[in-house]
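Accompanying notes for the structure given below.
Letters A, B and C name the chains as they come in the text, with residue numbers starting at 1 for each one.
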């Protein structure tokens, strides 16, 4: 007799195709959307003053003077954290599916297409499988550190979400040291990689760990300096402050506002790819050399944590680049005064405000997903670099380049008048559009060269 | 705005240091630019290094002499600092000259050595001038970090590696402990400025209740001892002297010569500043014997001094390696010089200055003689000196002059230095705790006798023992000139020491408490 | 009058107790663990907890730097060094022998008792509060630290940059393999 768990999706989706599509739609849109709405509802309220006022007005309860106020605040913080953590997990899962589908398309194969519509639920199936697997710990491993290592990575992944602005009001907290905070928080990922490599007591894992640490430590420097360019242009380290200093239209984004920032954007993205151990910089886990690198000895849930961190990190990388260089959540045509006007003075903002907020979140999400797609394309296009190439790229090209961008930006800020900045914005935007158009045309031509191919959705 | 101007305005009293900074960068560049194979490489780099020192000296000579705090009270410019700066520049120039003709610095690596040496000198400048706990720590690190690297300069040499590692570990621990002490002081007093610390501490010392007073005293005492640890490590005083022989043995000898005089002198300059600004309480020119937190700090220093010189001398007795012997001798000399600090008077400070000045010449000379011997024989034990008087009389005689001067025999300059130290200590004969000062002086006298024994061991080997083989000893001409000049200077200032006294007397004004 | 917080609230006290005991606990682990890597991990924990303490004191910039520089960069370098040396058989406590240990513990205990006396029993206002200049309202944020760095502390700030340059060159000098000398290439650079 064949035992089918409820998740044997092949049979399920064959029997109830509508159910599969519904489940897929729910997982693909309902879940993230629900999280967004929850975030929109909860994040802006997450200030003690507003909570106090709400309790006063609706419940007639003096929260500010109550001994339980901190319990309430903490509960609210936990709610916020819960939403953020869930969003991370969902994104990490969905992005694995996207990656595998894109990879399949790029390599002229199908990719996962069984569970759910278009194989969308395969990430859920993967996660469930991982959780059900035995959690093995090698006998000779350093047990405590072996078990602790995934949490370091996890913490390093989750902490940046605290300051990553999803929308005009949708940010957990806007620290005055935001950019630094992200850099500091991502340091935990290195510790996780290094410790997992060491604690596994295996050569492959140790090599992976040491490579990973060397790589992340090295690329932190160009990434940090390149990130200072938007900081210089905005005059603040706060993430929201940096976004507010930009505008909604592309020529108001920092990336197009001066040539040094344009270069710094690519340096920052390259360096953050390396920091996130994405191909072409996936040396710490190079399958063909090191089995699986630092997580070679892991299995089950701990492995799932490592993999989730790896994919979810793309959101941080892309989101950071979007925030710092690509205008973040700024909606074209809406300025700070529109938000203020719609917010009003009442305890709860007007519905229009919520609409605008959703729009701004949408802007951020679309831009970030676009960048995530680029990361995925890069992974399936470029071969892995060698260790020495990785080091020389960082120290000989990116670090001096980042310093140069830094200095040029300083000079630019001092010397170029606003008209010049505006002109540069238009010119660079036009240049970028031109390059994009050329890229699209070339891609189309390449596809059509292969025996009259067209975009074939037949196997979805 | 005014603060920034204050920073910029200070720069005009900071020109020697700026020259040194420029020199460091220039040497880093030159080291890369001059071809490694070039025959003139050593000459070019040496001239460049000497030029940097020369420019710094010229700027120092034309600098206004009045005392002032610079850079918002971070460092001082006063005659006291200027005296030490001259001493450091002299030591640096002589070391560059010695190193240029030494075998221990192959030409591809000498440029970096000069640059690091100059950065040590810059660090010593800052040590002698720092008026702030922050600067104090920074200056000590500036002296230490390049020194660690130069101690391990010989590639692939196990002793050098050991020397460097020991130096790093001791240095790291010492500066860590000092930082810990500094943080306590800052926590208790709320200021890092030396000139403000003394005043604040005095006001704190006002009795509140017995328990709190005791607690405060203990906390301050521990903090100050921790700070002393960092300074004591630099001058190689006894509980913190362990690194000294191993580092001296493994490091390149010209640098050891510098290490034994430069950072030690800088350590004393710093010690004087710290001691005067907040350890010993004010009130009258001679009256700061009873100091902070009711602890008689001069007595503490006196005990340190006695222990340091005794231990250094006793350990030197059975050394056969000349560099190790000189290392222990340098420890004991730190003990002698601490006597001047223990005297806690103007005269005491002056005697420390005189002693360090004389010590610079005689110790550099002694190490130069060791380098000359090592270049001929390939090793540096006492047995290598056997029959030196017959092989190279000039070297033997000058080495003997340096050793006698180190012992403190008249009519050499070493005697003058020691004489003033004894005078400074014995001038307390009639005052409070006079008996203890007399005891200290007696211990120092006994130690001088002990030290005579091991110095004479070398002299006996040179003049009485028969040479071991037919080894030709022919020091380089520049070394011969320097040996002759150094011993002539020691003889000259041994009989005509007025210039030393006048110079140090004129340099005695310095910034202490605000 | 205190600009930093509107008086220590329950949450502040709780945060302090948790963080301070974390610092102490991790510190104890650091000096008592036999395995060097475990000790280092504990040190990272102590650094992070310390950063948390800074954050509760409104010094956010310092807190972030503490994590970025110490827990991130320096500790990773430490782990590197330990992995390369990897000697787990060393006795972790330097003081050997019962007498020295007892003396150390007693001395530290006495010192701690006296310090605690200052803080707890005496609350000496002149020591603990008035002698320290009260923090400015924007205490701890990036702008105020930057302003201090480029005015009062400009000189040490610049001196550190030179110190770091020299330290880098010194490090290279020690680490670099010997190069061929002009007289003949005895050693070849790999």
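Criterion: contacts are C-beta pairs under 8 Å (C-beta built on N, C-alpha and C of every residue); 3 or more make two chains touch, one makes a residue touch a chain.
Just so you know, these numbers come straight off a predicted model, no measurement behind them.
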| item | value |
| --- | --- |
| Contact-graph separation of chain A and chain B, given in steps at minimum | 2 |
| Central subunit by CA centre of mass proxy | C |
| Between chain A and chain B, centroid-to-centroid distance (C-alpha), Å | 57 |
| Approximate Å spacing (C-alpha centroids) for the pair chain A, chain C | 32 |
| Chain B and chain C, separation of their C-alpha mean positions in angstrom | 30 |
| Residue numbers on chain A that touch chain C, as the complex places them | 67, 70, 73-74, 142, 144-145, 148, 175-177, 180-181, 183-185, 187-188, 190-191, 194-195, 198-199, 206, 210, 213, 217, 220, 237 |
| Partner chain B, residues of chain C touching it in the complex | 110-111, 114-115, 117-118, 121-122, 124, 126-127, 131-133, 150-156, 159-160, 162-163, 166-167, 169-171, 173-174, 177-179, 181-182 |
| Contact set on chain C toward chain A in their complex | 9-11, 35, 37-38, 41, 44, 60-61, 64-65, 67-68, 71-73, 75-77, 79-80, 83, 141-142 |
| Interfacial residue positions of chain B with respect to chain C in the complex | 3-4, 7, 10, 21, 24, 28, 36-37, 70-72, 74-75, 106-109, 112, 115-116, 119, 122, 126, 132, 134-135, 138, 141-142, 145-146, 148-150, 152-153, 155-156, 164, 188-191, 200, 203-204, 208-209, 211-212, 214-216, 218-219, 222 |
